[in-house]
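Going by the order they are written in, the chains are A, B and C; count residues from 1 in each one.
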Amino acid sequence: MTAVSPRIRPAFTAPEVRDTTGAAPHPAALEARSIRKVIGGRAVVDGVDLAVQPAELLALVGPSGCGKSTLLRVIAGLEPADGQVLLDGADVSALPAERRWIGLVFQDHALFPHLRVDQNLTFGVRHLSRRERATLVGELLELVRLPGLAKRYPHELSGGEQQRIALARALAPQPPVVLLDEPFANLDASLRDSLRTDVIAALRSRRTSAVLVTHDRDEALLVGDRVAVMRAGRILQVDLPEQVYERPVDRFVARFLGDAAFLPGSDGGVLMARPHDLTIEPGGADRVLAHHYFGSMWRYEVGRADGSTVLAEVPAGSRLLEVGSPCTVHVVAGHALHHLD
Amino acid sequence: MQMRRTTTPRTIRLAAIGIALASVTAACGSDDASSDGGTVTVYIGRQYGIEPVFEAFTEATGIEVRFTSGGDPELRERLIAEGENTPADVVLTADAANIELSAQAGLLAPIESEALTAAIPAELRSPDDLWFSLSRRARVVIYSTERVTEPPTTYAAVGDPQWAGRVCLRPSTHPYTQSLVASIIAAEGEERATEIVSSWVANDPLYINSDTDIYKAVASGECDIAIANTYYLGRLQTENPDFPVAISWPEQDGRGAHVNVSAAGVTANAPNPEGAKRLIEWLATDGQEQFAAANFEYPADPTSPVNELVATWGEFTADLGVVLRLGELNPAAVEVLSVAGYE
Amino acid sequence: MTLATIPTSTTTLRRRARSLPGWVAIVVVAGVVAAPVIVIVASILDPTTEVWRELWDTRLPGMIRDTVTLLTTVVIGATVLGTGLAWFVTAYDFPGRRLLGWALVTPLAVPGYVLGFVWLDTMQGPLGARAVRSIWLCAAVLIMALYPYVYLLARAAFRDQSAATVAVARSLGCSPWQAWWRVTLPMARPSIAAGAALVAMEVLTDVGTVRLFNVSTIADGVLRVWFGTGDRNAAAELATLLIGAAVLLIAVERLLRGRARYTQGGRAESVAPRRTRVGTTVAAAVAGWSVVALAVAVPIVKLVRWVGEARATGQTIAVEGDLGFHVTSSVRVAGAATIVCVVVGTTLAWLARRRGTAGQVVARTATLGYAVPGPVVAVGVVITLAALDRRDWLPDGVLLVGSMVGLIYALTVRFLAVSYQGVEATLAKVPPNVIAGARTLGAGPLRVAVRVELPLIRTGLLAAAALVAIDSVKELPVTLLLRPFGTDTLSVWVWRATSESLWVQAAVPSLAIVALGMISVAILQWALDRGAEVTT
């Protein structure tokens, strides 16, 4: 199901080619400029610039309290802030939330408990006729793979079903942009994976731009066409997932997105090493502190001679080094370590 | 919703224990006084000025009086329900209908007392001596001395169209209204009574559920005439001797002004019938003057002196003949009031 | 009180059989409390057509009209006022927000009849004695006296709502006002309806305030028929009409609600109070404080002035004992009634939980006394207790009628609904997992109740207790008829003064009632704040 028949606003046409460089020929679907939000004397969002391209899914990741949810609320128009918000090139900063045409999905699904599923879904499209609404409900339920639940009440659904309905409800008015605030955080792991797959598929099929806020780095890397890393009210880096993971701008981003060791470079700079960049060999000045089995490989915690600790990986099948064994850490052949400035 | 365990239950627990103890003590200490020879228990339907009278009785006889006050009908229901277990020795009501209803319900025992039969005229006591009136309460026409020169001299005249919009009346819920209408039914028949009450209603009266406020309304000009009991004037004149409202004694050329009574009887299951009898006897004799004067009422014993202030309102003829029938006629009165649309 | 939250779960026969002792307990407890009401209702088995016909031809249509007018006006007025004020203090931030939030509860401390005679006297001057006695002023007084019930429940509902829900509504095209109308308000509806049901019960059963304003309601008619004609049966039949109306109200609300639920799961962040335009805030704050002034400040000022006048005039009513004696009586009666109501209410709610609709219905019958005018409850209790007294099962000379035990029993019959409602609502919030967890640790149901559930619902119990205490201190008809000798409460004192129209003499005990009520309101507020702290 790729299109929903009733068009409620001028159709939003996204460019066919996905542009990940940020230098788009078309205006960005969503652009935030110099957003600054002060609460109680503290800049919760401190000069954020961010652009989301048409049909792009941007993952916004950062530790709890870094301001990512607040940024989302500012973009949605739920909180006033300094700076500008542009949708498809048009400045909507002065518009209230209800006139921005941005979909919202929250962690606690926020379904209207007093309304049935179909009433929840059509909440934002009141001008449609009864028949159009019925069609829309059917299509949306197909989209989130929950046909036949139209007459249920939210409390009669499971957690995953509730979240699917919440997404469908946000998509009902066909907004060009949807903001998702930790949409999978309340669900258990198995449910989360399948739901995540379906949610992304739904967003893609509708060519909807989206910002997904999460504190889960794996989720960010998995879901985002690009990943924005935020800390203390500022965006530190926005790039493709592999770029932010492999070429973080600083130690914080490096550590936040995965295990990382920092090694002195030959030029006096700092090199970042992911566990898969390092391996060990028996014998030497380093010591094995612990080992963990990951099926495809062993991961070693190694105490180095200089007192630091690094993680290194050895393919499964090689001889296991016991805890306490002497060893030597070195960079895997062919891996170039990222140079932190 | 996440519940939080609090860590200071002690104060609450202590408070709860304290209240519990207090209530247990209360429960134990409450009902220790089933009458011995020295106490008379009274269910009383009148509230004003009674306590000094009872104190004087205790002083004179050494018998203690304890009383529960309440509405007459509620107290009657309580008496019925308690049956032979009642702690009440005396029922003292604020009107004749209620004591008669108690008598009819078999709640009263006859009192054999020469003192009482001598003091209280036959029209003011039940034929089988089940109850005796202790004071008379006249319900009369009152008028503004500033704006009215020729007040009505009959109850029917209150319905004269000249008083349209100028009358204050007490709502039909009150026993005083009901007994007045009962007396009119007795004198003029139900049909005529309905006409009279309807003529009152046609004058668009202002209903005020308080005789005191009725007097004040006449004084302040809200209405020019009204029907009210006399003794409230006594209270108001005590405060302000120049209170601009006067009494017009109605029906003086005929049956006389409507009189209700405050009456008492000994309960059928009185724990202390002797004490009860002594109290009623005392109230009808030695205490008669004080009992009536305490509330600016007229003594039931015609020979007993009238309070000084009350005496200034003049002599009047009272419709005594109907007093014994007020109870019996009360339901008819309620119906007449309803049919006439009296509020 | 609201029989409005009967859950519609189903219980299997197997579970019912297993919990037979529980069923016996629930039926016995509910039966004991419901007995006086059943006695009254049973009187319709012996119908009296004569009085009915006469009533129908004369007063009944007027009574029904007045009752419906008053009920509609007061319920709508109190609901709009209570809901509006609750929204204002939860959603907006302004100086003195907490203080106003507290002050808006205080009208609970002022009995309707006191508010009634104060306003009657105050408005008599400007309006005149005729215009002042109107159903509309009566309605205004009742709205001021009763809106806190809606306010309290609506405020709790608004506090519990998730901010995300409103945010989603906004993103779906609702203006703030539309979001309020389409989401915030409907979600609070069960709480608002529960508060409105409380108000409706109070209006249906009020006999003190309506009489001051010459309003002839059905409750007033019950007393009119009973005391005017001595026909207890006809009066009881009228009272049954009231109970029927109450049950109908509740049933309609239940039906309208259907399967929908109104609470949200999860740890929701509630709406943070926000600042809005100064003009709006000032206007709303002025409105809020005006309500407090009209419902609390004016009566207190007036009563204080009367206390001075009372010293000057010589008129007295017979009052046994001094102020301290009456305060002690009131505290003892209200204290004992509160404890019994909370204990019985908790027991009943605990027994009824997880026993399905049937259990709820049985438990709810025990709360019907709230839908019956006080004087009728009092007589029902007298009849019930006197029947026991006649069996001579107590030691010689000890009687239930006219004893403290009898009075407390009667107050429990009247006010159990208040505590039951509060306890039930709180108990429903205890997460089932907590109980399951305790059970797996080897604790029996009773031990779980005492060690786990009771501590968890403690603030809820305290709030319920405060509400019962407030009602008991203000209560008049039941206390008047059933109080033991030597237990004249403050409300009895007020009644004796006002029944002789000595308003001025009623000032001292009225003020004392208000003062005691204020203490309970403070406790209530404290307990509710603690409860709210947990949710945010």
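As a working rule, contacts are C-beta pairs under 8 Å (C-beta built on N, C-alpha and C of every residue); 3 or more make two chains touch, one makes a residue touch a chain.
Composition by chain, UniProt nomenclature: A, B, C = Unannotated protein.
None of the values given here were measured: they were computed from a predicted structure.
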Message: Suppose every chain is reduced to the average of its Cα atoms; which one is closest to the average of all protein Cα atoms?
response: C
- prompt: Pick the pair with more C-beta contacts: B-C or A-C?
  reply: B-C
Query: Using mean CA coordinates as chain centres, what's the chain A (Unannotated protein)-chain B (Unannotated protein) distance in Å?
result: 84
Statement: chain B (Unannotated protein) to chain C (Unannotated protein), mean C-alpha position gap in Å, rounds to 33
- line: Separation of the C-alpha centres, chain A (Unannotated protein) versus chain C (Unannotated protein), in whole Å, is 51
- request: Would you mind listing the residues of chain A (Unannotated protein) that make contact with two or more other chains?
  value: none
Residues of chain C (Unannotated protein) whose C-beta touches two or more other chains: 267
Task: State the interface residues of chain C (Unannotated protein) toward chain B (Unannotated protein) in the complex, per the touch definition above.
output: 54-55, 57-59, 128-130, 133, 160, 211-212, 214, 216, 220, 223-224, 226-232, 267, 313-320, 331-333, 335-336, 338-339, 375, 378-379, 382-383, 385-387, 389-390, 397-399, 401-405, 408, 429-431, 434, 455-459, 462, 477, 480-487, 492, 496-497, 499-502, 530, 533-535
- prompt: Where on chain B (Unannotated protein) does chain C (Unannotated protein) make contact in their complex?
  reply: 1-6, 9, 12, 16, 19-20, 22-23, 26-27, 30-31, 33-34, 41, 47-51, 54, 66-75, 77-78, 81-85, 87, 101, 168, 171-173, 175, 178, 206-213, 217, 220, 222-223, 232, 235, 238-239, 330-331, 334-335, 338-339, 341, 343
Field: Complex contact set, residues of chain C (Unannotated protein) against chain A (Unannotated protein)
entry: 162, 164-165, 167-176, 178-179, 182-183, 186-187, 189, 259-268
Message: If we count contacts the way the header does, which residues on chain A (Unannotated protein) are in touch with chain C (Unannotated protein) in the complex?
response: 73, 76-78, 96-116, 123-124, 126, 153-156, 166, 169-170, 172-173, 175, 179, 181, 186
